[in-house]
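First, the structure itself, so that you have it in front of you.
Note that the chains are named A, B, C and D in the order they appear, and that numbering of residues resets to 1 at the start of each chain.
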Amino acid sequence: MNVAIVGVTGYSGTVLYTLLANHPAVDDIKLYGHSDEGKNGDVRYLDELIAGFHGQHVKLQKFDANQIMAGNDAVFFATSAGVTSKLAIPFVEADFPVIDLSGDFRLPDPAVYEKWYHKPAAPVADLAKASYNLADVDQPQTNYVANPGCYATATLLGLAPMVQADLIDPDTIIVDAKSGTSGAGKKLTQISHFTEVNDNLQLYGLNTHKHIPEIVAQLQKWNDKVNAIQFSTTLLPLTTGLMASIYAKVKPGVTQEALMTVFETTYANHPFIHVLDGQTPTLKQVVGTNNCDIGVVFNPVTQTVMVISVIDNLIKGAAGQAIQNFNHLFNLDETAGLPTLPVFA
Amino acid sequence: MNVAIVGVTGYSGTVLYTLLANHPAVDDIKLYGHSDEGKNGDVRYLDELIAGFHGQHVKLQKFDANQIMAGNDAVFFATSAGVTSKLAIPFVEADFPVIDLSGDFRLPDPAVYEKWYHKPAAPVADLAKASYNLADVDQPQTNYVANPGCYATATLLGLAPMVQADLIDPDTIIVDAKSGTSGAGKKLTQISHFTEVNDNLQLYGLNTHKHIPEIVAQLQKWNDKVNAIQFSTTLLPLTTGLMASIYAKVKPGVTQEALMTVFETTYANHPFIHVLDGQTPTLKQVVGTNNCDIGVVFNPVTQTVMVISVIDNLIKGAAGQAIQNFNHLFNLDETAGLPTLPVFA
Amino acid sequence: MNVAIVGVTGYSGTVLYTLLANHPAVDDIKLYGHSDEGKNGDVRYLDELIAGFHGQHVKLQKFDANQIMAGNDAVFFATSAGVTSKLAIPFVEADFPVIDLSGDFRLPDPAVYEKWYHKPAAPVADLAKASYNLADVDQPQTNYVANPGCYATATLLGLAPMVQADLIDPDTIIVDAKSGTSGAGKKLTQISHFTEVNDNLQLYGLNTHKHIPEIVAQLQKWNDKVNAIQFSTTLLPLTTGLMASIYAKVKPGVTQEALMTVFETTYANHPFIHVLDGQTPTLKQVVGTNNCDIGVVFNPVTQTVMVISVIDNLIKGAAGQAIQNFNHLFNLDETAGLPTLPVFA
Amino acid sequence: MNVAIVGVTGYSGTVLYTLLANHPAVDDIKLYGHSDEGKNGDVRYLDELIAGFHGQHVKLQKFDANQIMAGNDAVFFATSAGVTSKLAIPFVEADFPVIDLSGDFRLPDPAVYEKWYHKPAAPVADLAKASYNLADVDQPQTNYVANPGCYATATLLGLAPMVQADLIDPDTIIVDAKSGTSGAGKKLTQISHFTEVNDNLQLYGLNTHKHIPEIVAQLQKWNDKVNAIQFSTTLLPLTTGLMASIYAKVKPGVTQEALMTVFETTYANHPFIHVLDGQTPTLKQVVGTNNCDIGVVFNPVTQTVMVISVIDNLIKGAAGQAIQNFNHLFNLDETAGLPTLPVFA
């Protein structure tokens, strides 16, 4: 198969390239620059743009929707929110396979998108042709796959079994999420300046984070009693990895055993999800993999369950899940091309 | 004044020495080794034990309770739980001024101590003579001051105004605390090995942390409707600093303004506590100080307040608060010898 | 092919397992515990020993040289210096293929070994059957391959072209090497305690580091005018990666162009080595790969060349080079099973 | 005394403020914004600009040379190179006491300045009125003190005794310097983006670093046989601290004892300099202090001495040394207001 990447120079795009370069069903990867790239008509090559990518002398071509569709079986958008919606419409309308890592097609309601993203939404008819798809839970329903956000992925995988089985009080969900800086991308900002991040913790987007509406929308599909979640994000002094620490009051009579039963049943045939009974995973045990490790610890004293859900934000939270959705879309083995052993030490 | 430190070579003890060396009311600091130190009768000096302590040629004397009381006005115990209770009894019984940084005298009920610490408690009569004292809220009631733990300090200062004023549902308190490694001390452990901590997050002591009972006991003194708290600790890849992220459902009708009113009233004349209205503090803005900065952010959608309480775990969470309690005990200015400007960059 | 690993639970052993699990010519990996493992006859499995190794339910068998030789085509020793020499003799004497990651067979002279390692050396007759083999430069001459040390690898690859071509004054070689902590292994030590490493630099083994004699011995094979090198190692606050900053006075008339010519000629057909002309590589551009990136910068003012050689200490400096040597030994493609794209972000 | 700071919001300026706020001879600190600050005529206060600076409600006044001279006894410039030279001329010409932390007056020859700084130099007549003054070695000769750069300070203090006593071959000096990111300031750059710095090493300014000419000029004052030095800087994944690893061939017959004799003699009455005989200091043992700790280790095999010189780049390398020069200028105790105990853990 031939695949295209738009936006390879961002962190997610680069990881996506590396994973696709090792994917057994992918023969060729073509690269296209979005409007911010390839200025002045100069030809650029991947090995000149990314240090250490020796031998990857792949040209970044000027973005051209028709040319991409003519020469490829699918395209991945690793572009920013606000950029994808401008570029992707021809693909939506041609029903061409797209895996979109941005947030632009995750929210079907333009008004909701504009409230949280502070940007114009894609047309509602196009939004309706996209399917938001958590790759470890569902199969894509359309050829345009809106790949979930990193925080949404860890949070939803941690909550799914309990919310689906109605084991927790839906008004008590609290998510204290922590992430490394790579999720914030290459753009230089005060919050990602080394001296601000190192030896420090900074909260950002409290009660306004863009991933909140996609989490709530998905939870509501599973259980219409969910109204809202309390959600915070704390920036960690590390590069890669995301932990969602999830708390909720259980319904009367729920026990550790009952919780484990629904977690194990839900994830029985899901190769990337591993559930720990009464134990908590570390962040590092999933970094470098497409796994999501989930610890479930019920506290009978407070009638509260704490669920710790950890992922690699650039793999399971972006590029890896995108490939998993690509595998779904083309009926490949779900695990094709995806790493499962952590990078140790 | 002459003061003594027992246990100067631990992280808290060393910071305590540094602060006392700059304290305007302290003339002389004598050092005493507890039973684990000064083996073989060899004489040791501080400048040989702590790298960079040039010129601090202070002898570590063999621990001797009578000698300490004869030559000093007060003693600080910076020894571990289980050690202090063995050494401190003569001081308790002589009603000699003690500031105890360990956990041994924080819990008046020996059964509770033994349940959480898995060690024999001090005699109940001696425990009764100790006063647990959060230095930014209370004055010590006895000459034996049990200095609060680091997690307890950040958590209690973040909760005090709301619990005292009964603004939150006492069954919904959740504390997601994060701390650097210095709180775990110098002892070599797997959890504090560099390759395990760096680029990682590890939870420890979930639902079993020793600071839980002292937090609950203090909350109950303020409001007898509190039964328990949900409390977790996550180890951060940094050395110094502690953040308690506190969540609770508010009582009906409570607003951001109502919350701010009680926070500002409670801490009006407390020089080390700073409250941020709708903002969240960073960890680094308190590192190097005896401050506690507290952000208060109410979310009307979830009717949940999030309070972010940050401290330097070795200063406000240990040595600095110990000096503040010492200042209280001797009717010195509460701020004497205590830093308030963060170490920047 | 069937291969065995002795010592899989160390950092190098675990990385070795992960790489071999993806090696196209390896069908089966058997694991054997050395004398320090598998106490009390309890059966242990890899997935229980290494967090995140879900599904790797591979038994750690008791070490038995005959059994290993009967069931495998080759064995990798990822055991410590002093341990390997005790276990490996039967393999040496049977001329069975061994890749030894330890230092025990790197120095042919037992007296030199004992001077630098402070341990008893292997018998001289067995040492003579081992070949020290820098995989990017040479082919193994015997079935027992002594895999170079991490510092030696980066240093020798940075020096080889200049020393072989006699372009530098051999009495002026200075190596200022810096490494992450994973090279020091899992053993808990003061120097690897998080609070000692973080925000810090510590030198260790100055003028006494075990890798000095193997470097000097190899340099002397290339150019008998080399007598000694000035070599220091500084421990960095990071986990993985090693940089050797190499300085030497050039011979009269040597220029940047002359240096580049010998570097490019020497490494022309060596797929893992990349030379940068007048530029310096970063550490991260090789982490996760078997590459060695080398920057060459001549300073005409001081007539000094600075060479920056960077590697992943666990891959090129240990497990990856071991596999490269294994590939050589079995006439496989040198690059089989070895990653070349860095783990980004 | 009343002192002024121009440029308080940079890292050095903020540390300078903190130290001056605790200086026993300083009664009042006035703050002045340089041309890049205080736009639109809005009044700004320090506590609003620096997080955690509660209670420091000090106004940043518009820069006005005459007003500064009228109301203060001295002014500190913590502004960038290129800015100071534009602002400082009136002070030079009035012979008003200035401590200048920038590089603008360190090089007396405008041509040399322009070659290394790529900016217009100050007038040569004004440059002649400035004295470059390494505070631990010399006394200022004029009222305009050019405070040395951070790399220059660590390097010169490590070399001074050997160069003054002519114990090393002046053509063999190599300095492999490493520094945290705070030296690079608050300006957002690719090289200081967290994901680029963390888990990484990056060299910068190789053979072109601005501190090279001031080092060489000072060395030549001590020993006219010095022509040049080989000098590199490597950026570390930490915030504060600087290590200069210095190598040189000794003259024939020089021993460890001879080296120690000159180091101890040179620094006998210099309270901030501590020399370690055959040992190497860690970076952390000086962070938070105005100290410079120097390890001296001679290697008889290579006839090379390695000197490790460590400083806090913002204190000894900037603000602390500036205060030490201020103390010299006003005949105060050299140590007034300067910390000597490291911030531990």
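The definition used in the following text is that contacts are C-beta pairs under 8 Å (C-beta built on N, C-alpha and C of every residue); 3 or more make two chains touch, one makes a residue touch a chain.
Please read these numbers as outputs of a predicted model, since none were measured by experiment.
In terms of C-beta pairs in contact, C-D outnumbers the other of B-C and C-D. Centre-to-centre separation of chain C and chain D, using mean CA positions: 39 Å. Computed centre separation for the pair chain B/chain D is 37 angstrom, with centres defined by C-alpha atoms.
Separation between the centroids of chain B and chain C, computed from CA atoms only, is 46 Å.
Of all residues in chain D, those touching 2 or more other chains are 11, 182, 195-196, 198-199, 237-240, 282, 284, 345, listed in ascending order. Interchain contacts join each chain to each other chain, per the touch definition above. Within the complex formed with chain C, the chain B residues making contact are 11, 181-182, 186, 188-190, 192-199, 237-239. Chain contact summary for the complex, chain B toward chain D: residues 11, 14-15, 18, 21, 50-56, 182, 199, 239-240, 274, 281-282, 284-286, 288-289, 291, 293, 314, 340-345.
Of all residues in chain C, only 171-172, 174, 176, 178, 180, 195-196, 198-203, 206-207, 228-230, 232, 234, 236-241, 243, 245, 247, 249, 280, 282-284, 287, 295, 297, 299, 301-302, 304, 306, 308, 310, 345 touch chain D in the complex they form.
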